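This structure is in structure tokens; I'll ask about it shortly.
Labels run A, B, C, D, E and F following the written order; every chain starts at residue 1.
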Amino acid sequence: MKIVSFGELMLRLTPPGYYRFRQADSFTVTFGGAEANVAVSLANFGVNSAYVTKMPDNDIALAARDKLRSFGVDTSGIVYGGERLGIYFVERGASQRPSNVIYDRKNSAVAMAMPSDFDWDKLLDGADAFFYTGITTALCDGVADICRSACETARKKGIKVICDLNYRKKLWTLDKACTVLSDMMSCTDICIGNSADACAIFGISVPAELYEKGNDLTYDGEKYVADELKKRFDLSYVALTVRRTISANVNRFYALLTDKSGLCEFSKEYTIELVDRIGGGDAFSAGIVYSLIGKKSVKESVEFAAAAGCLKQTTEGDFAVSSVAEIEALANGKSDGRVSR
Amino acid sequence: MKIVSFGELMLRLTPPGYYRFRQADSFTVTFGGAEANVAVSLANFGVNSAYVTKMPDNDIALAARDKLRSFGVDTSGIVYGGERLGIYFVERGASQRPSNVIYDRKNSAVAMAMPSDFDWDKLLDGADAFFYTGITTALCDGVADICRSACETARKKGIKVICDLNYRKKLWTLDKACTVLSDMMSCTDICIGNSADACAIFGISVPAELYEKGNDLTYDGEKYVADELKKRFDLSYVALTVRRTISANVNRFYALLTDKSGLCEFSKEYTIELVDRIGGGDAFSAGIVYSLIGKKSVKESVEFAAAAGCLKQTTEGDFAVSSVAEIEALANGKSDGRVSR
Amino acid sequence: MKIVSFGELMLRLTPPGYYRFRQADSFTVTFGGAEANVAVSLANFGVNSAYVTKMPDNDIALAARDKLRSFGVDTSGIVYGGERLGIYFVERGASQRPSNVIYDRKNSAVAMAMPSDFDWDKLLDGADAFFYTGITTALCDGVADICRSACETARKKGIKVICDLNYRKKLWTLDKACTVLSDMMSCTDICIGNSADACAIFGISVPAELYEKGNDLTYDGEKYVADELKKRFDLSYVALTVRRTISANVNRFYALLTDKSGLCEFSKEYTIELVDRIGGGDAFSAGIVYSLIGKKSVKESVEFAAAAGCLKQTTEGDFAVSSVAEIEALANGKSDGRVSR
Amino acid sequence: MKIVSFGELMLRLTPPGYYRFRQADSFTVTFGGAEANVAVSLANFGVNSAYVTKMPDNDIALAARDKLRSFGVDTSGIVYGGERLGIYFVERGASQRPSNVIYDRKNSAVAMAMPSDFDWDKLLDGADAFFYTGITTALCDGVADICRSACETARKKGIKVICDLNYRKKLWTLDKACTVLSDMMSCTDICIGNSADACAIFGISVPAELYEKGNDLTYDGEKYVADELKKRFDLSYVALTVRRTISANVNRFYALLTDKSGLCEFSKEYTIELVDRIGGGDAFSAGIVYSLIGKKSVKESVEFAAAAGCLKQTTEGDFAVSSVAEIEALANGKSDGRVSR
Amino acid sequence: MKIVSFGELMLRLTPPGYYRFRQADSFTVTFGGAEANVAVSLANFGVNSAYVTKMPDNDIALAARDKLRSFGVDTSGIVYGGERLGIYFVERGASQRPSNVIYDRKNSAVAMAMPSDFDWDKLLDGADAFFYTGITTALCDGVADICRSACETARKKGIKVICDLNYRKKLWTLDKACTVLSDMMSCTDICIGNSADACAIFGISVPAELYEKGNDLTYDGEKYVADELKKRFDLSYVALTVRRTISANVNRFYALLTDKSGLCEFSKEYTIELVDRIGGGDAFSAGIVYSLIGKKSVKESVEFAAAAGCLKQTTEGDFAVSSVAEIEALANGKSDGRVSR
Amino acid sequence: MKIVSFGELMLRLTPPGYYRFRQADSFTVTFGGAEANVAVSLANFGVNSAYVTKMPDNDIALAARDKLRSFGVDTSGIVYGGERLGIYFVERGASQRPSNVIYDRKNSAVAMAMPSDFDWDKLLDGADAFFYTGITTALCDGVADICRSACETARKKGIKVICDLNYRKKLWTLDKACTVLSDMMSCTDICIGNSADACAIFGISVPAELYEKGNDLTYDGEKYVADELKKRFDLSYVALTVRRTISANVNRFYALLTDKSGLCEFSKEYTIELVDRIGGGDAFSAGIVYSLIGKKSVKESVEFAAAAGCLKQTTEGDFAVSSVAEIEALANGKSDGRVSR
């Protein structure tokens, strides 16, 4: 199985422990980006996982590339050039204090990339699927065009196209997102997201009786959104994650997956004592891609993906490090965290 | 708005993580002291916050002074001299194991200070309020006298005087505290504390039916103590914090504020997954001072102060680093710790 | 009171915080081993605690020895020789992700030790009790024989023999364990363990009505196992710990102790927010040894031991660092983790 | 004495110890920038030191501001706005391996600043001197214009203007530097630099007999360059530092200062076992400014400044932390590094 | 250019800074092994570098594999199985105190490997050269046989065979080394080593007049040893490194390379302020392999290799991280360690 | 061989690396004190080494005690009580910047000790020698009296008394030191020190021709001072260390030892690249005590002691960790710091 992902890989700088930005004397150095996170998870699953981006030819960027390589991700499609690697700063929240993210990603190499930088026909050669997220299309019009051209090439080659909507309000407006992503959906097979983003972007309104309390949807409400997406954009599958933030330290997390036949399955619910929340959705996406491209059932797929998403949030950094065996153990019921010795 | 605080600034040495003193190979270096903590919070709130103390002219003490300056606290009133900066060692508890504090603060520069070290008329020039705590008056008789003289000067100048009772049993007896603090109350406008300390120091006995269970008071019980304090010492405002220790990791925390008219408001209750419990009361005090001197309503004041106290406990060190905007967001209901991105 | 413990002391390597093995750039260096952990706790309790093992004469092993000495453990009975100190790697779990242990302990100095390395008559001189665990007997037949010879010498000298069953499936099979440990029980006075291990090793089957849910026994179920052990092996005392794994971060923990007369007492139940789970059982064992050899009552003994086990799990490393006073404070009801200052 | 400095303050990220960028798992967080470094040294010397820049209103930038405040620098003239704080990455060299700097400073708040952001008349009020460097004028034409306007305002007010040439080849070409800096010199009183930069920028050619070996000038050669600068730009004083790089760990360092009367003095030569080479020239500049504005003699000034520059290089970070007393001790001959106890 | 290396990859545990083993509370985790070190350098040079070994399928070993992958080394030829990854502990020396190495590598997966684990015909497919060291042949007879079979396969395929003698007295005796390595030389083309090892292993005695002082040879003495090796074993090239230990912190380092025609060139001499001495010889070997297989001249080759060896010793860890450009800059004369900015 | 040492054990707090006090966010926690340092070295040498002091019964002090125990020092003579453990802060110098020490040791438990705290008859039972330093006698008159009484008891029991003069100008004046130490010398057998201190305290004036340059004495000058001390105080042996401070990073170090017969031997000279200079003299003292009490020759003794002093300075912390074998290797000529593997 070969999957190609395309997006922006960034330097992530994180104060240690619970230190706030203004208290930090050091930053932990990791790397991340929604699509790279997915590529890493797929490599961990044993998939031939190729990652495509553009990055400057300096040692900060090469360190990011090295890290991808350490997981076995195929980085031969990376284009070198441009001026800087995007950066994001993450301050870990606690209890009532939310985590905080400061982006410093403008004018990055990939955001300034040209269509001629990427030969999609070659890059997608032999692939089973192409993965991108809404973030990539939000970087700028140029990158959105490059991404669209990748999707079109993929479709022409019979390669499945998967998108995680991943709305970031600091990158673009809902209106702009609606225009671009509606267009992108027309060459996408599988859509991943969450109901709040999907409703906001595409103007889906859920009947009042499907709300649980506040803005939280019931299981039927979630299904309603998924069905609406499937219908509007003629998608093969829609997967939605549901996250309930108990506090900055504890989240509840589960997911649904529905296919064209109308089959809709929910995963188990996990109450997660968070280690690092970031990348949880990406690990879920990788689980969906791995399972669906691998022809697993809807039920197996959503359980595997939700367990992958859960486990990511119990480890540090954007990049998940769980194996298929570890994820299946959790998906199949071993969730007590007992020591193995 | 200008507030002057007076007290002892100490070097705080803390083993990393959950290491006990006997396991520690390094200590994290921070600084703290109830009144300095208040001064820092006030500077964060944009107040002209001046801090007065005496410290030796060596690099350990200057590092403490530098840290105050980094927050924008006005340190021009600090007097240099004496032999040592007080030290306290803090061992972080976990679950059933309590945190532990070892004081090594005797013979500190401020504890040995002379009345002639401080020209209160000048130091209080232009101030709206003067803040001290019971710790300052407990250091020794000489410092209590200096503090009393500051209060008297303040009253003469029409400056509000605010005291946080802050009883420390390792510093003095209840009897001594009663004598000294009763006297101090006579030149104090606003008293902050907790009901257990207040009852123990001033011999207030609460009717049995106002106890919830064990030694915990009901809401009415807390109000009873506040009213009693107001009455006894003719105070403009009394603010009490309530802390319920679930474990060394989790506390419940809320507060009340009552004014002369009899209006009494309670804040929301917070269940806090503690990062560093120390300084929570001081952040609350700063919130009370900021709100009341800033003419906020009793309800707004107690909510702001309780939110300030809560947020402090989700960050490392004695010194709070939350802005007015962050505190108001929590006071106004955003308490779910969801990532902002 | 003098207690002699015999077993394997290992180098323990632990990635910092929640890092997984594949993410670690450093390992925290500590040392541990069930019997050494017991010896350290006993030294902390003021007992004359001697530890016997064999270790190579190199600086890695000497560092382990130094650490034991720092607690006041008598290490004069350690034999130097052999090629390596056993190592175990511990990866800390979180939430749904279990902790993981990788052993690299084969061919350690003690596993290759010869009977002639230890002069038990001299080593046990003046002792009140001899402590070993099932791990020691699982290392290899040679070490099991050495251990048996120590027990026999002890019995001849009227010294109490105490065993913690400590089954490790990575070291031996249940069949082998049954053969060896049944034999060992014949020269053992006090047996410590947990019901699951005891049932699995010795083929004890508990009536279905004594199961709570899943594989968890009721209080009566636990008592049933303890009674069965007492009966089968003619033991003076049996102590069982009960652990319920809520998640990798939170465990419930309690214990029972029963004597020959049929008296059976349960400790309080603790819900522990874990700092380091490893060594909790050993701290419990030390509590049992200290209490029973010290002629405390069954009730006092089980409460002291459970509190010791609980507190260990709130501190880092295999080695407990709690004093008798701290443990008694918890056993007697102070469990709220409030700061002492 | 009041000095105003204007320039760019950046986040500096440094791998720990001798780690290279591609090996780093954390970066030490400090802040720096030539003019800010000078402002910090001046504050350490007890000068009323004001620093002017533009920075975004986010916590990364505020942390930089806080650090300046901790030294007592007056930051009230800082303008908040713009998108990002410039960043530079520093990899520490060793032996034959040079240190390496990666700049990521484009589009910083100050580089995008508008003339209307700064009211120089007010900012320079009461100042004795205005300090800038060639780096500021290299950021972009807009900032060069702002800087020129500051110089003109200063001259009108009778305030001395001091410039450190600080040529950075990664920021601009020699031709551009010649054009801009020649113009700037016309409103500058004191010029600081090194002979290699000065010759390259302004096309000064030194007679062959004034070369020592390779590209190193003799003392007379250095003096020749200084005189040439003085003459060309009608400067009151010219100060040049001389650095000989023995290895990445060891440098030789000394300086000359010459005035309009033709008096020219050289400092002692220091062989420095480097801790952090960056900021050495800025500490020297601060020493020159402090000494000359303070009316010290040419000899005293160059010795003080060279000692300040030397001591900076024995401490970590861009910001010097030496006091006047420490610098004078070294300038006056105590250079043996013996422990004081 | 494709090079295949075969050997043992180990976990390296190093106390931070200058801490001794008995003082260490943490170990820095890196990985190394002579042949892996060479493979990493070759990958850094842009060579298609494949590394062959056997390692257990656990996360400690996979972390080692991941690190190789991060450099772009082809790890597809690694065989998984066996029980443990070898470990070595390194304590960094200082001044008069030597560094110290404790090996714990017995019974490692590769030392217990079977001939059937490796299909050399396939593993060497398309390779230009095969690299091994004397360490591999010292592990045990079985591994020496496997290595010999690799050499024979290589020779049959017309692939150059390169050996670094790398004598380790803790692994075998000189007699055994002489027997095994003499045999290995018969299927080796290029031999790398140092004169002391070569003389000791093969019983080469150098005329007394070729000694400089003590046991140090003159340039002619070094050449004598190289010529002797070439003659005895009919080698195409012999390369020798020369190291003079000034102290644990400073070494002098240079090298010679001689070919069959009798051409013999010496590199420049480097006085190195050591960061991490380990792996210096391996970086040199990689430089020789890269240069000779790349058909560089003898002079260019020895200068490139010596510069590569020098630069390695200015960086942390076994694995070199220098690029061809960095090494050529040093080989071509830029050795002053001046900051690049 | 049993040696008893008496003095003050302190908490030592050291910023990491080259950070200055005002830059430090953490302190490395170690413990030290001249006499404890000697006791630790002696324990490392296999001597029965007992250390006597008074310390408070809190966990900071117990951590200090634990560390002594880890080396095998007999701490059974320590008296618990008093209020605080003395503290000293050490800032590591570099190049021209000297190290700096801030003492905060007043009112420590041992400084406030009473004669009745120590039963010297019992504490010295079975001892071969008693060791103290001038620091102990400088703490206050009470401690000097206690120390004198220990010396008298020792002399009565035929136990050798050894003193290291260790003048600390921050503790007392030269006059006071002269009075007290002259008196102490009357019951001392072996005096250790350096010539500068000895001359200053006892008013020894050395003929001008015995000065090398500045204040440095020639070899004959050093011998002159030693002879003078021997003569004045009728000492059996005098040992002097000589330190020449090249920079804060590099010292030259050697020593002399002379006996009653007039035999005077100098050790080799060491040029030391310092890791931690503190405790070098104490390691030397321990070497003298170990050698002389062990009846080694004057030449052997001074070489062993100087090598012990040298090696200490290549390791971190006050406490030396070198074995007899390591020291003898250096004393016998292996000083090149070559890796052992």
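To be clear about the criterion, a contact is a pair of C-beta atoms (placed from the backbone, for glycine too) under 8 Å apart; a residue touches a chain by one contact, two chains touch by 3 or more.
On a predicted model such as this, the values are computed, not experimentally measured, just so you know.
A centroid comparison over C-alpha atoms places D as the chain most distant from subunit C.
Note that among the pairs A-D, C-E or B-D, B-D reproduces the A-E interface, with over half of its contact pairs the same by residue number.
With every chain reduced to the mean of its CA atoms, the largest distance from subunit B is reached by E.
For the pair subunit D and subunit E, the fraction of shared interface numbers is less than half, so the two copies use mostly different residues to meet. Centroids of subunit D and subunit F (each the mean of its C-alpha atoms) stand 45 Å apart. As a whole-number value, the distance joining the C-alpha centres of subunit B and subunit E reads 63 Å.
The set of subunit F residues touching two or more other chains comprises 20, 22, 25, 66, 100. Contact topology of the protein chains: irregular, matching none of line, ring, star or complete.
Chains touching one another form the pairs A-B, A-C, A-D, A-E, B-C, B-D, B-F, C-E, C-F, D-E, D-F, E-F. Those residues of subunit B lying in contact with subunit D across their complex are 66-67, 69-72. On subunit F, the positions that touch subunit D within their shared complex are 17-20, 22-23, 93-101, 103, 168-170, 245-250, 277-278. By the touch criterion given at the top, residues 13, 16, 20-22, 24-29, 58-60, 62-63, 66, 83-84, 87, 89, 91, 100, 102, 104, 106-107 of subunit A touch subunit D in their complex.
Against subunit B, in their complex, subunit C makes its touches with residues 270, 272-275, 310-311, 313-317, 321-322, 326, 330, 334-341.
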